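Have a look at these structures, which come just after this line.
There are two complexes below, and they share chain A, which is joined by chain B in the first and by chain C in the second.
Right, the complex of A and B next:
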C-alpha cells in the first residue's frame, strides 16, 4: 500500500472517535427489555497490482469509506424482535430483521448486497504461428486475439433477499405452516471470449451484460399426531437471464494462407464442408431459462425403546425451457436409529433414487458433403449420463461402555448405474464400498483424544467418459478420433482407493486454558489406468491454544501446516506431434 | 503406501515437535484426573443463584430463561436435581452436560429440540466427535443461537483445513462475511454429507442456477459432482479448481491436436486478415494450446448451442 499515512490516519480516527460515537443502552424494566448499539467506523481499501485476483470479493470502493452498523434487540414477555444492519460501502449493505410472538409466529427477512470483481483474461498467450517443417518458415496454423474492450473493468453486484415465516395454527398447537422465499439478483458486466474460426484461430474478447435472476419460493406444513411427525415442503425455483445473448461473427471458411483465387475456391469448399456454420453472425454464451419444482414428504416415528424411524420421499422436475429438456427425479430414504442398550446405538440408512434426463437429437450437416471421401452423417442422439439409479445403504455402530471410552464403526455401499446408453454393457456402473472405525478416549473432563480411520474402495469411478463416446459413436467415423477413443474412458482424476486418518487431542487443565493438537492425512490412488497411476496425498498437522484470563478476554493462537500433492496424468498429442 | 514428506520424519524439527506434543498429551491425560457426577432432589432456582450469581444474571437474557418465566426450577430442568451438589458444593454431584454427555445415552437438549433439523442428528460425525451440544453452544449466554463463538471461527476451531482453504487465493467469501458455513452445511440435520439436505450438486446449483441445465451438450463430470473439478472451500488455482488448467483438463482429456508444433520465431500477420498481427516464439503453439483450455472451450458447464466443427459433432462446448 503506497499511502501508509492515509491508512494510519483512517485507523487512528476510527480508534479515537469510536469511544465517543459508539453507544449502547440497556433499559430493563422486567419483563420488557431492549438492547441497542450503534457502531461508527471506517475502512480504507487500496490496491496495487493483481487487485482483480485478491480483491475478488473485497473490492468495494477505493480509498477511505465510513462504516456504520446498528443492532437492536428487544423482548416483552413472550415476544421478541431483533434488527441488525451494516453499511460497509454502497455496494455492500446488509440487514436482518426478525421477530417472534408467543412461540406461535416467527418471521425473518434479510438482505445482503456485495460486489464481485471478475478477472480479465488478457489472452496474451494466444499469439503464435507454426513453423513449417521445423524451419523458421511461417505456416498456416496460427493464433491471434483482440480485445474489444481492453480497459473494461468486469464485475457484478449481487443482491440477495431472503424471508422465512412460520406459524403454528391457532387452536392446533401441533400443526405448523412454513413459507420461505429467496431471490438472488446479479447485475453487471463480464468478459466473454469467442473464437472466430476458421481461416485462423482468432479469439475475440467481448463485454457481456450480466443480469441473472433466481427466485425460490417454498411452502409447507409440519404436523404431529401422537408419536408421528409429518412434514411436507413444496419448492419452486426459476432462473432467467434478462441480458441479451451476445453475438459473434464467425469468419468465412477458407484456407488461412492461400490467396490464389483458383485454389481459394477449392479451399473454401473443403473448409466450409467441415463446419456447422461460418461467414455469419451467431449467438454464443446463451444462458437457458430454467425452472425446478420439488415436493418433499418426511415422516418420523418415535417407537420408544424400539427406536426412531425416519422416512422421506422427494419428487422433482427440472426444465430447460429454452431447449425444451427436462429431468425428472424420484428418491426415497429410510433411517432407523435404535439404542439396544444404554451403551450402544445403531444407525441404519437406505435410500434409492431414480433420475431420468431427456435425450436430445442432434442434427448436423453431412461431413465434407459432395467431396471425395466425404458424406458421413454425424447426426447423433445425446444420451444423458444424468439418467441413473442410485442405491445407498449404510450402518453405523456406536459403543460407549462408560464415559471414558467411545468406539464407533461404520460401513456403507453406494451404487450408481447409468443406463441411458444402448450398448455399454456393465461399464456404466460405479460402486463404492466404505468403512470407517474410530474411538474417543476421555479419561477425565480435562483431556480427550479421538482417532478415526476411513477407507473407501471405488470401482469404475468415471465410466461416464466412455459413455460420452458411446453417445452417438461419432468417433468411429474419423481416424484420429479413433486413436483418442483408446484414451477416453480410461483416464480420470478420480481415485479407486481412499484412506483417511483423523487424530485430535485436547487438553483443558482449567476453565481458562485449553490446548489442542491434531493431524489429518489422506491418500487417494488409482492404479487401474493403462497409463500413469493417479495419486494424491494430503497432510495437515495443527496445534492451537486458548487462554481466557477473564470472561471479557479470550486469547487464542493456532498454527497449521497443509501439504497437498497430486500427480497429474498427461498424454502425448494425437496429431502433429 | 502413504508417503510422508521428508520434513515429517522424527529427526526433522517438525516431526520431533509433533512427537513431543503427542507424548505430552498422553502424559497429561494419565496424570490429571477428574470425577463424574451423581443425582439428587430438586432445590429451586433461588438456591442455585445464591452461589452462581454471575451465571444467573447472564442467564436472565437467555432464551431458555425467557421461556421459563414463572418456573422455579429452571436450572434443574437441565441440570437435574441439585440437593447433593448444594449440600456439599461438589461440582461432580450435579448433571453437567459437557462432562456427562454420552453418545449412546439420552441427550438432555434433544429432549426439547426435536424439530426437523434434529431428525438426523443421530449418526453424524459431529455426534461421534463432540461432547454434546455444549461443545458449540454456551447454554447460559445471550449470544445469537447461544453459540460459543460466531461463524466461521466456531467451525474453524475444529475444521482447520477449511480454515486454511478459506484464505487461499480462490475462495467463497467466508472470511469477507458474505457467506457463512451454515449457508451450505447443517450441523444438526446433515442429511447428505453434512450439507443442507440437498444432494451436493443441487446445493451448488441453488445459488449457481445459470449452470443447472439440463443442457443439450453436456459435460459429463458436471452431471456427476461439482467436486470433481472444484473444491468449494478454497484452492490455489483460479475459480475454486482443484488443479490449474490445463492439468485438470488433461487428467481426463488428451492434449489438443497441433499442440506440439514448433512455432515460427518473429512477427507475423494473418495473410487473409492482415490486421491480425502478433509475435510468435518457438514455443508459441504450446503456450497457445496448453495454457487455459477454457479460453476456447468457454461453456465447460454445458451449452444448448452446437460448436462449429462437424467432426466434433457440435459438442466442443465453445459457444
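Right, the complex of A and C next:
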C-alpha cells in the first residue's frame, strides 16, 4: 500500500463517517451543548549530545514548528459526538472522532502517527584478537567489522488508523453487529547486521528500508435470547513488508591469516566444501509475509441463583506465506461463577488448547562433498516446539462475611505437553500446580488493605539446555557436529518453585489527603539441575501520596524501588579457532 | 585445537529507583501553574565467580589466548540516570481566550553504554500558544 493510499483511507473513512454525524445530529435541531476549543501555537525543540535515546520518539529536528489542536464535544438528548485533532509536526499528527446515536449506533475513527529514532549498533563491543599478549606480537586471527553507511540516520514513521462501529439492528434491540479495523504502517530505514562465516570473523552493518504493513479487520454479532448471550467475532490479519529484501556479499571462505598461496588454496577448498554459500551475494534478513484468520464463539448464560456459565471456542490459522508454513490452533474454555450463599462465591475455570505447527524441511548440500571423510547428508526436519496440548483448570473460593473483609483461596493446574520436545515424539510435559491465598480488609472508609500470597510448583520446566563439552584433552580430530554429542549436564533459568507476595495499603484520612504503599516480591528456585542451583529474587516496594491542602494547591509524589537478582553460568571455550 | 570448555557461576543484579512528583497550583482565577518531574536511576551488575584455573596443557598448546577473565563482567554492566521536568502556565485573558506556555527538559546520563556507545544527551521543548473556546 503506497503512502497516497493511506491518505485515501483516512479521507475515505472520514467521508463515510461524517455524513452519519451530519444526518444523525447536525441536520436536526441545534445540539443542546456544543463546545469548541482551538489551540494555535508553536514549539521549539533543542537538544545536546546524543539525542536519539533521550528523544527516541522525537522527530530529531532542531527547529521551531507551528502547532495546532482542535477539539469539539457536543450532545443533544441521546446523541453525542466528539472530535480531537492535533498537529505537532509533520511526523506526529493525530485525530480522534467518535459518536453515539440513540444507543443504536456508535462509531469511532482515529489516526495516530509517530516517529521513532533508532540508534546505531556500533559493533565496537564485539572485540576478539588472539595473542595480544604474546611478546607484544599480536596474532592475526581477529574479529573485524565495517559500517557501509557510517552516517546513516536510522528511524521510521508509524501510522496507525483504527475504526470501530457497533449497530443495533433496527427492530431488534437484542441483536448487535460489530466491525473493527486497524492498520499499522511503518516506513523508514533501519540497521541490519550481516554475520559472515567464522572463517572470516567479519560483520557488516547495512542500511535497509523499512516498509511494514499490518492490516486487521474484524466483524461479528452479539445476540441475546432470554438469559443466553451469543457472540461471534471473525478476525483477519495480514502482515507484509513491501521493502525489498537486502542483499549482502558473503566473504570467500578462506583461512583468515594464512599467506602461503599453496596452503591457502587448500583452505579455500576445505572451507568452501563446508558451507552452503560464500563468495557471492545472498539475500538476508527477509521478513516473511504472514496472515491469520481467527473465529471466536462465546456463549454466556445467567442461571440466576445457579450461577453464570461462560463458554468460548476459538479456531485460528496463521500462515507464513513466504515459507509455506502454518500454525493451527483450537481452544475451548468454560467459566462457572456461582454464589452458594450471600457470603460465598466460587469461580471455576477450565480450558483445553491444541496447537499444531508445521514441520520445516531443512535442505542442505552434502557436507565436505568430495573430500576425504566428507559427504554426510545433514538434511533434517525441524519439528516445532509450538506443537502442544495445553490443559488448564482452576477454582477460587471467596468468603466475604461482611463489608469489612474478604478472604479468598484458589488452586490451579496447568499441563503443557509438547509433541516433539526435547526430541521427536518425546511428548515432554511441563506441569504447574498453583495455589494462592489472600484477603482484603476495610475497617472503615479511611483505610483498606489487600494481601495475596501465591505459590507455584513446576515440574520439568522447558527449556533445559546442555553445556558445551567439558574441559579436557579432546585433541583427537573431531568435527563440530561430533562435538555436539559431547555436550553434558543440564542448565536452565526456569524455576521449579515460585513464591510470590503482593501487598497494598491505602489510607485516606480526609478528602484532601491519600497515601498508598505496596510491596511485590517473588522468589524463584530450581535445584533439579546438576550444574546450577538457580535462584532469582525480585522485590518492588512503592509509596505514593496526593495532597490538596487548599483548593488552589494539588500535590502528588511517588517513589519506587525495583530489585532483581539471579544467578547463571558463564562458559568459556578453550580453542584456537 | 579444542580443549572443551569450563564455566563459573555468575550473579546478575539490577536495581532501579524511580521518583516522581508534581504540583498543580491555581494561582488566581486567571492563572494556572503546573510543575512535575521524575527521576530514574538504574544499575545492572554482573558478578563473576572464580573461574577454574586453565590447565597447563591448554596454555602450552593454545598459547595464543591469554584467558584473562577480569573484565568479562564489565561487558554486562549497565548504569544510567534519566531526569525529566516540565512546567506549564495558562493565563486566562477572558472566559474564552487564554495564553499557554510550557517547557519540558529531559536528560539521560549513560555511564556504561556499549552496544550503541555512550547515549548521554538531553532534549528540551518550549511551547507557547493561544487557546480559544467557542
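The rule we apply is simple: the second predicted complex is superposed on the first by the 465 of 577 C-alpha atoms of A that agree within 3 Å, B and C clash if a C-alpha of one lies under 4 Å from a C-alpha of the other, contacts with A are read in each partner's own complex, and residues count from 1 in each chain.
As a convention for this text, a contact is a pair of C-beta atoms (placed from the backbone, for glycine too) under 8 Å apart; a residue touches a chain by one contact, two chains touch by 3 or more.
Because the structure is predicted, anything quoted here is derived from the model rather than measured.
Contacts of A:159 after superposition: neither chain B nor chain C is touched. Contacts of A:269 after superposition: neither chain B nor chain C is touched.
By the document's definition of touching, of the two partners only chain C reaches A:39; chain B does not. When both complexes are overlaid on chain A, the residue A:566 reaches chain B and chain C alike.
In the superposed pair of complexes, A:143 makes contact with chain B only, with no contact to chain C. In the superposition on chain A, contact of A:434 is made with neither chain B nor chain C. Taking chain B and chain C in turn and counting the residues of chain A each one touches, the greater count comes from B. When the two structures are aligned on the shared chain, A:505 is found in touch with chain B, with no touch to chain C.
When both complexes are overlaid on chain A, the residue A:444 reaches chain B alone and has no touch with chain C. By the touch criterion stated above, A:203 is placed in contact with chain B alone, chain C being left untouched. Comparing the two complexes, residues 53-54, 58, 119, 121, 125, 130-131, 134, 139, 141, 467-468, 472, 474, 478, 558, 560-563, 565-566, 568-577 of chain A contact chain B in one case and chain C in the other. Across the interface of their complex, chain C is touched by residues 35-55, 58, 67, 119-122, 124-125, 130-134, 139, 141, 467-475, 478, 483, 486, 531-532, 551-577 of chain A. Those residues of chain B that touch chain A in the shared complex are 2-5, 8, 14, 18, 21-22, 25, 28-30, 32-36, 61, 66-67, 69, 98-100, 102-105, 116, 119-120, 122-123, 127-129, 131, 157-158, 160-161, 163-164, 169-170, 173, 176, 178, 191, 206-207, 209-210, 212-218, 220-221, 223-224, 228, 238, 242-243, 247-248, 250-266, 268, 270-273, 276-282, 284-285, 287-288, 291-292, 295-296, 298-299, 303-311, 313-315, 318-319. Residues 1-27, 48, 51-52, 54-55, 57-58, 61-67, 69, 72, 75, 82, 100, 106-108, 110, 114-134 of chain C touch chain A in their complex.
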